[in-house]
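Here is the structure we will look at.
The first chain written gets the first letter, and so on, giving A, B, C and D; residue counts start at 1 in each chain.
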Amino acid sequence: MTHTTTDEGTALLLEPSALPARTRLLKTLLRSRELSVAIVLLIVVAAAAIKSPDFVVSSDGWRDLLLTPTILLLLAAGQTVVIITRNVDLSVGSILGLSAWLTGELFMAHPGLPPVLAFVIGSAAGAGLGLINGVVVAYGKVPALVITLGTQYIFRGIVLTWAGSSLISASQMPDRFLKLGTAQIFTIPVLFIIAMVIVVAVGYYLQTARSGRELYAVGSDPEAAVLYGLPVNRRVVGAFILSGALAGLAGVVFAARYGTVNSSAGTGIEFQAVAAAVVGGVAIFGGSGTAWGAAIGAGLLMTINSALPMVGISDFWQQALVGALIIAAIVLDRVLAARQARKLIEARDES
Amino acid sequence: GKADTGTSSDGESGGSGDKPLSIVFLPKNLGNPYFDASDAGGKKAVEALGGTFSEVGPQTASPDAQVQYINTAAQQHASAIVLSANDPKAVGSALTQAKSSGTKIVTFDSDTEAQYRDLFVNQASPEGIAKAQVDGLAEQIGDSGEIAILSASANATNQNAWIDLMKKDLQADHPDIKLVDTVYGNDDDQTSFDKTAALLKNHPNLKGIISPTTVGIAAAARYLSTSKSKGKVALTGLGTPNQMRKFVEDGTVTEFYLWNPTDLGTLAAYAAAALANGEITGKEGDKFTAGDLGDYTVGADNTVLLGDPTGFNKDNIGDFDF
Amino acid sequence: MLMDSPPQAALQLAGVSKNFGPVAALRSGSLTVQPGSIHALVGENGAGKSTLVKIVAGVHRRDGGDFFLDGQAVDFGSTAESKAAGIAVIYQEPTLFPDLSVTENIFMGRQILGRMRRIDKATMYREAGKLFQGLGVHIDPRRPALGLSIADQQIIEIAKAISLDAKVLIMDEPTAALSGVEVERLFTVARRLRDEGRALVFISHRFDEVFDLCDAVTVMRDGSYIGTRPIAETTVTEMVNLMVGREVADLFPKQDTDIGDVVLKVEGLQSAGVFHDVSFTVRRGEIVGLAGLVGAGRSEIARAVFGVDRYDSGTVSMSGTAVPARNPRAAIRSGMAFIPEDRRKQGLVTDASVAENIAGVIRRGLAKGGLLTKAQENRAVAPWAARLEVKTSSLDAPAKTMSGGNQQKVVIAKWLATKPDLLIIDEPTRGIDVGTKSEVHRLLSELAGQGLAILMISSELPEVLGMADRVLVVSEGRLTADLTREQATPETVMHAATASSGSQEMAR
Amino acid sequence: MSERTYPSYTHPLWRRLLIGREAGVIALLVIIWLYGYSNIPYFGDTLTLTYILVDMTTVLLIALPMTLVIVTGEIDLSVASVVGLSSAVLGLLVQHGVGMPLACLTALVTGVICGVVNGFLVAYVGLPSLAVTIGTLALYRGIAVGLLGTTAVTDFPANWTELTSRVLGSSGIPTFMMVFVVLAAIFIALLHFSPFGRGIYDIGLSPEAAEFTGVNVQRTKMILFVLTGTLSALAGIFYTLRFGSARGDNATGLELQVIAAVLLGGVSIFGGRGKLPGVIAGVLLIGALSSALRLEGVTVNVINIIIGLLLVLSVLSTSLLAWVSDIRGSRARRHRVQRPTPTPSSVSSQ
């Protein structure tokens, strides 16, 4: 089996070890979906900045550019982990709402509560709800789509019951906490830093931990995962717990950022989270994709929303553009995957 | 009439006296402190009259969800529905049906088309509301420069009416002020917040924002208070004192306006009761008493007017709690 | 439990049974493997070998019987437990994660950890490289598993099992897709493991391999243990007799028939990476056998002919009329019938009823005014079920509750109901018990006698040799021989089947 | 060969009708109706019936083709956006003075086009429908909102808007239900009494086997997505006329209601299982339950929780039953396994 690397593309697929380490890394990076989405994101930002430099240059513009996607960033990273296992979590919007309300109630009851503790409690509450989703999906052997659709109704119903028609406003939460909503370190908002640290950690975990890699295996072929002796149910439950925890955290971030919470916080955001993951290169049927890609996807979706009016497109058309973007992303994925599969099969003729 | 052949048909429409008074308050959506205040006023009034009060409403401010609650109230043969409409037309056929089964319809805060209701309780004359906000802002920004409007939903009747009047006022009395943009926050806190951010970015020379909606002005104030535009971009509009107190005190907002929503709810409840027990029919010139608020007369277009809006500022905001 | 027999068996199963609903996959399976030995497990398709393996692996839980490991009674509820107990299994069907690299596939769940319990990729790639070197193959450790040939997939499975460092290594037909050289390398590794004192179980349908490699052999038939012999004390004939339970000649009741006009004509069929320049014909009354190793591409050729798969170039025609590509409906209209190899996934809608399955293709013709009722279906299918003597309690029983042989009869009934001119049948008797097997053979023979053209793909050499009027041999996607009934012997067929591409032109 | 005869059915008709999720849903519907009739004031009014039916008409219409799509194992999340888009198109045309018949027709054609786009991407490009329709959910809604901007078109002729609230005599049944009844009959014939319908089940149970049997999987899926698009557009026209208001954001979030109702009606999200009568009962169950709860003064939050629980439990019921019988089975097996066995040495010496 002598293999002369004629076609560079196939070489990267079939004989990556034959390439020098640096070339390999570079080529993998250049072909990665993360990079292409990031480039689109940069183009969007640049286009908006040319029209209106304030979009990036002014201190508020810069802060909002980073702050606006923060919540979706967290949700998309959590959603990625679930989608990688070939499931989906439609209840994240309701979990966010519950956690945001919980945060408000906590501060009303204990105004002296350290903000850190609010983040911990919010995430823990989200993790608990994620645990419910995960256990029912994994051990009930029922499709995640249906279960999380059901729990979406249930969790939202709980927030509604709890919150009723009231609203927790900024004046009812301590300033220490609300300041976090806009606090900056070296001009970078604290909430954004928190979200980025978490996204990077989740991405790193998925790449370098055994259990992280097992999530990919479970989604790539669930039956094979059982034959391998992988703890499939535990991994699925774990994925839902992580997604729930991040949604819970996003709820606390929501409370800090917007300063006002009512029972409808986070309504409908679950589709955006799924869309961000899909745009960021996460395959909807599991097995591939990164949390980083999803985060960039989230950044792109949210930034497009605020950039469109700058480039003169009425914001009524934003959603249409987002939809077109999602479809373009999955069509592109399919085309690339089909090309790769074909190359791999044809390469068998030559070997 | 046609559909009303059920078991509990009570014959006479209008329910004269002997039928217990039951009034359903149906705000645009739940979770809105403005409606909390008005419904509280309504509740007190209804209970004072010895009737049963109930407050129902959808989660989000959409007309289709409101229709279901109108239907339910009609099924229960409620004496009257007191409604703030999410769409002037979309709730129309449901209201017509409710009317035909004997329920009186009072709108408040946001009206429907006139044929669908018996009475509209107007918080303030649209002209008065528009003028208060425009003149207020003009004074704050020195009567010239770019301003923008942050409204609720694109279809909110009252908002659109006020915006039209504001435009006329601007043209007539403030030629140097330029309205550069109107954006819609859908009475959603997060959306309004993000729209404010976008407004400031898109219009670097913006000098003022008018937000004629309580959700919008609070969100905009919160954004402004943390941005470098605080104190440079003026903000006014319609808001509740409790929500705005903080921003008036920290200087983000100089003055904003509102009528007293509790009084509005009270007046609507008394009007509904008067209709239900046949005291008035809603035609121009009808008179009724609204408890402590005193006597009111139905004006043109079957409308009752509460009064002029109040301005809230550093000096008087401490006197209010709603 | 106290032991008195001196060398304690590494693995021992006795009287193990397993049912899948109404299907008794294993009635009474027994197997005793000593440490430091290689034990062959043989039996016909469907004898229950793989089921036995899956019980040892913890995939299935046994319904009854005893299971000891190193003398300890065990009962595995999951594959993780059996793995932890030191059992490594190479399953018959490769089970890889297509999205992951081959190295990750090998080490999944027990990756080598470096600093801070992070996965040490560099070491893993190195280890994988070493494993492949030991097996004498060239596979890049970094490439994805997607797109590997069946043979390469099997090698990954072997590498995975070897790297587990297990006390007991079970290999379910690991050589089915391998070439001679690769088989030899595997055997070297296997012998080394045996000499290290491990116990190995080797399943294969190739007797030469069994005699070459193993120390003892256990024969199974029809889900039951038949006997165990030291390899030195047995012969191929004895093994076959034990496996089949009767004289072999019984199995292939081939009638002589008159061979008529060309029905199917395939010319220059080509699909990149799968098969190349395939041309052949099948005539009325003729049974053409398509032989070759697993993964040679025979099924792919058949699927392309029938229009389920695409092809790049070439033509297919039925009785002189061209059949459009990638259109099974058109193929059916032209008179083709196709019984695919995977009965449960492709041949049947297992959750649907017997009646719905048999009526599957003809139902469009049954509808009156566009409407179709269950009654119409039942009326139409009953004669076909009767003709094939399908054993079922009622016509609305789901197909999944039936035995493999009966399922195959349902598939055949479904296609015979279309009154085809050509029947393509892929692995006609895979997983079918001996009795039904000869029934199927008799039926095929009878159908050919009535003038049906039959293209039969089979991995069982005796079946091909016994049934076919003509044998086509496929190797690596090319036709490497076209043999008459007289020319076809185990030697000529195997020779052509292992011919590597380009080394030999087709011997017409 | 001996002619065997086969009974057509294992179980008698009554048992076949009684087992299965459909029977459960229908029973639940009847129970709620009877309970409401005797215990909840005003529930017995014909007006209640009218309101339930009018409220659920859009869901009923879309649930018909949605059932077929889900039976093939796919899903269409874009339906509510198609409702919004067709509503926007209708409104825009009426605003520009186009006559109602032509405007309605154009709105329907819009739905067909939406369906073709979904169907093409799913069936012919082979993309997962979940991802595709999340994309078109945003796309179609975006176009709808983009087209109408801030305006709501309300000037529809009264004789058209009245159509949606007209009632059949004194029965309380809305006249428009006749259209639904005809459509339901067509869809039931299509799914349960036609070769095409059998193909739909085959695709859902085993797409590979269906392809081998000569079912045109791609074309079938295409047709089904076009049907969802078309009926969603019809629902959009109904919705617009009922509220007399065309808005781009009409029926936002309706897709989840439709899917919840379909799943509640016994359709498996994995495909291959489910019947239309069950689905229709499922939709009416949600309608009746919500109406009953509202009349009892239960608020929207509790209604949400109840519907969510119903959905989760109905899907779990099959698993729970299997689990219970599994526990029983494994207990029995453990008994067998632990029974005193011959020593290994005696076995190996056979």
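Assume a residue touches a chain if its C-beta (ideal position, glycine included) is under 8 Å from a C-beta of that chain, and two chains touch if they have at least 3 such contacts.
In this text, all values refer to a predicted model and were calculated from it rather than measured experimentally.
Interface comparison, C-D versus B-D: the pair with the greater number of contacting C-beta pairs is C-D. The distance from the centre of chain B to the centre of chain C, each centre being the mean of the chain's C-alpha atoms, comes to 74 Å. Distance between chain B and chain D, defined via averaged C-alpha coordinates, is recorded as 38 Å. Between the Cα centres of chain A and chain D there is a gap of 30 Å. Annotation for chain D: residues touching 2 or more other chains are 149-150, 299-301. Across the assembly, chain B contributes 30, 57, 59 as residues in contact with two or more other chains. According to the touch criterion at the top of this document, the contacting chain pairs are A-B, A-C, A-D, B-D, C-D.
Against chain C, in their complex, chain A makes its touches with residues 1, 3, 13-18, 24, 207-210, 213-214, 216-217, 219-221, 223-231, 283, 287-288, 340-349. Within the complex formed with chain A, the chain C residues making contact are 57-59, 78-83, 91, 95-100, 104, 108-111, 113, 117-119, 125, 129, 138, 140-144, 146-147, 149, 272-274, 276.
Within the complex formed with chain D, the chain A residues making contact are 88, 136, 140-143, 145-147, 149-154, 156-161, 263, 268, 271, 274-275, 278, 284-285, 314, 316-324, 326-327, 330-331, 334.
On the side of chain B, the complex with chain D involves touching residues 2-8, 30, 54, 56-59, 62-64, 67-69, 71-72, 74-77, 87-93, 97, 101, 154-155, 184.
Against chain B, the residues of chain D that register as touching in their complex are 41-42, 44-48, 50-51, 55, 149-152, 154, 161, 164-165, 167, 170, 172, 239, 242-245, 247, 249-252, 290-291, 294-295, 297, 299-301.
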